[in-house]
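Across the two complexes that follow, subunit A remains constant while its partner is subunit B and subsequently subunit C.
Then we have the complex of A and B:
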């Protein structure tokens, strides 16, 4: 009896250890592969200059700038809409048909493959609204992609606000609007922030939605307005590996670009984690 | 004996959650500047009754209320009443201390800020409320510290101060000491006794001894009905109803 329990425990602990080891190994191998293949091209020049000679030389500066603006505008567009929708769903909506439709729409949107978002952006923003292939079209498409993530996350964040706080606020004579603005949103803020950063990571790395809506294969110029085409890091990787004829020069650049994309996402996440940590440390409940 | 004035009273108050009849025809006065205790076994509706006085039950969609509660001669269940105004007039302290994740100062100032009072007025009231709630000496040099840096008992007194800042006509206390240690409990009980000079107090408690210690009047509830109401000493020593007697003797509860 006792022995069989010991054996079971040993098997359990062993399989836990194996899965932890495997997970960490996958991550480690992944990082080693990307970094070792891309490391050779990394330099200050690589991130500060434009590509040259059909992308076989030079840097990826326009792609970094493009990804930066695409991400910023898309989140800037999705965040207010997402937060407002989440507030509506959690605080105002009574459970009737409209809410069910909104919820179904959000969940469906969350499950749609990103290439479909690309096609949607092409049809609506590029062609119907005549934004053409531009920073704006791409950012809006990415924004719609990020919307369900932000809504779901904000809803979750709002639901974790203790009911005690809400009752206290209402009992003091606050209106629902005042309660949302002064109690619910400030309390939920760190979690809303976290979710937004997760969506930034997702948006920065998406390729399919910008394929037809924003990305261009090659430009030496930076976007001067939201109606310009842009280069973007994920699309740049794709282009380097599928187009051009100098694979031996392009492949290292592609991996170098991947390294930069990873570092950027990591950098943004770190900033957010630091901010969140500082806010959380001040709060205890 | 001359009856005390009661600016607050219920009249044939009935309340349902869905089809469940929770309060049956409750009639009783809450006398001015007195402590009235609501006692009764768990689930008898005493908390629900308490939450009727600032219409907090109305937050629950399935709740239906019939009857009247008068607050300064005005029926708060009349159509078209401004709920926020009623709630500002009625202070409430909950079972568990529930300060906002804000500074001590901002907690107390909350009710006045949302009413758009000016800064100097708010400052004055914050200090006054903290003094009234016996918290001033302990927190005067750290008003900007988080309310969560206070002990449980201090947090509950902070919540009392927060309710007092609105200068309410009545203070509703919903088992305010059930989450506190004996020392903090004693302090809050003393505080109640000192506060009744300024404000009418209605307190729900399942601690019979506590009701005996601090209340002037006691209302005993059972299964949603008000069984007995009277002066605390009378209810405790010569209860008119058999059920009251049984409850006070600990036969059920």
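Then we have the complex of A and C:
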């Protein structure tokens, strides 16, 4: 009886070890394949020049620039909405029915497939507002996609501000607005920053929402205004693999682009994790 | 003074209301563009006909094979990801020493952020030839490949949410169980897992929602054939892949265009139901 319990426990714990081993090996194989095939094409020229000869030679500079602008504009658009909505949810939070509707809306937005955001962007920004397929249409679509991430992270950040701070501020005669702007937001700032950085990582890697709103396969020019089509890193990978007719030359470029995109996303997320770790260590309350 | 307070309050309220407007905008736009397809094809044929030939004369707009494709790929992904994800979550939460946990947790979070198009590249260029060579099947881009890649992709999603649920089970429950003589495994299986049940279900539903709506992986890896498959190694054309592949080639306002939005409605309803389920699970927990 006692032995069978021990055996069961041993088998159970062994199977947990197997699951973590399998997961890590899958992911390790995945990362090793991408990096080993992609690193060989990386060079200064690869990240600093435009594609040549119908994408079979040259670099990915316009795609890097495109992803930079898409990300910057979309997060710049979503951040104010996100922070203000989080303030509403944490500080005002009245009436209750409105809070519930807003929360349901946020959760739904967070779960809607990214391709549907793409269709929404196509209907509203591209066709209805006549922004056409452009940097602006893509960035606004991505911004709305990033909104729930930013709201949830900001809300969490605000909730870590101790009540004592808020009560002390109110007791000193500060109004609610002053308390929010001068006590809550500055205290929560590093955590809000972390959340924003995480959303940057998400937005930079999204492909489906920009398929019909912003992305173009091939342009040698950098965007000159927000109404230009842009190249973008994730779309570039997809396009290299599915369009054009020189697979043997395009696949290595796709791997190289994937490495740049991965490095970008992992770098950005690592910064976020490091900041969060540092805050936790430094925090005195 | 009073004025400033009021204005600030109004700004926060209006931006909150914007989130509702964005959601309504999404719903309205897909329904407005999707409903007109039912002038061309009746509801029953749309769902029950496996013939998707939107560019033929006359065109066929049956999405059954697309639904079946989505369903099979998602099911396969969950079969792979649920045991692995929950296993990883239990390992991190219950078994791993503190130092290992400190490394594994952020690593899993990092992995959750890898862009799906990179997974698609991996499946398309690396896994597909591997499948044809090792298993001797003619087409490497098929249900199996897509399910495998999607499964790997959603492991971090399931494990990080399950891990939160496991970690929030109070320590006192575990200690009571140890006090009664149960060992670590028994405590985990009989006490901690049941206590974290609703959070773990939510993580599975979340993984389902992510898998069913994921576009790039199924677009690149599932093979793209709109048919009811006979085997695990047949290519399929899941719903998101159909939208992504065909929207670029259709003219605005054609029946094909509306049919693609019709697919988006179906996809939206599926994910919306899964979101509601998560909300219900969360509420059930907080009442308890």
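Following the convention adopted for this analysis, the second predicted complex is superposed on the first by the 238 of 285 C-alpha atoms of A that agree within 3 Å, B and C clash if a C-alpha of one lies under 4 Å from a C-alpha of the other, contacts with A are read in each partner's own complex, and residues count from 1 in each chain.
What we mean here is this: contacts are C-beta pairs under 8 Å (C-beta built on N, C-alpha and C of every residue); 3 or more make two chains touch, one makes a residue touch a chain.
Because the structure is predicted, anything quoted here is derived from the model rather than measured.
Participant: Quick check on the superposed pair: does A:223 touch subunit B, subunit C, both, or neither? Answer first, second, both or neither.
Facilitator: neither
Participant: Just checking: does A:165 make contact with subunit B only, subunit C only, both, or neither of them? Give me first, second, both or neither.
Facilitator: First partner only, subunit B.
Participant: When the two structures are overlaid on chain A, which partner does A:62 contact: first (subunit B), second (subunit C), both, or neither?
Facilitator: After superposing on A, A:62 lies clear of both subunit B and subunit C.
Participant: Regarding the shared-chain residue A:195, is it in contact with subunit B (first), subunit C (second), both, or neither?
Facilitator: Once the two structures are laid over each other on A, A:195 reaches no partner at all.
Participant: Who contacts more of subunit A, subunit B or subunit C?
Facilitator: Here the partner covering more residues of subunit A is C.
Participant: Could you look at A:175 and tell me whether it touches subunit B, subunit C, both or neither (first, second, both, neither)?
Facilitator: In the superposition, A:175 contacts both subunit B and subunit C.
Participant: Looking at A:187 after the superposition, I want to know if it touches subunit B, subunit C, both of them or none. Which is it: first, second, both, neither?
Facilitator: After superposing on A, A:187 lies in contact with subunit B but is clear of subunit C.
Participant: Overlap of the subunit B and subunit C footprints on subunit A, residue-wise?
Facilitator: In subunit A, residues 175 are touched by subunit B and also by subunit C.
Participant: Could you pull out which subunit B residues touch subunit A in their complex?
Facilitator: Contacts found on subunit B: 54, 56, 59, 61, 84-92, 94, 96, 98-101, 110-111, 113-115, 146, 148-149, 159, 162-163, 166.
Participant: In the complex, go through subunit A and note every residue touching subunit C.
Facilitator: Going through subunit A, the ones touching subunit C are 5-6, 8-10, 12-13, 15-20, 22-23, 26-27, 30, 33-34, 80-81, 84-85, 87-89, 91-92, 98, 101-102, 104-109, 111-120, 122-124, 127, 144, 147, 151, 175-177, 180-181, 198, 201-202, 204-208, 211-212, 234-235, 237-238, 241-242, 251, 254-255, 258, 261-262, 265-266, 269-270, 273.
Participant: In the complex of these two chains, what residues of subunit C are touching subunit A?
Facilitator: 1, 4-5, 8-9, 11-13, 15-20, 22-23, 25-26, 29-30, 32-33, 83-84, 86-88, 90-91, 95, 104, 106, 109-111, 113-122, 124-126, 152, 155, 159, 183-186, 188-189, 206, 209, 212-216, 219-220, 240, 243-244, 247-248, 252, 260-261, 264, 267-268, 271-272, 274-275, 278-279
Participant: Can you check the complex and tell me which residues of subunit A touch subunit B?
Facilitator: On the subunit A side, the touching residues are 94, 162, 164-165, 167-175, 178, 182-183, 186-187, 282-285.
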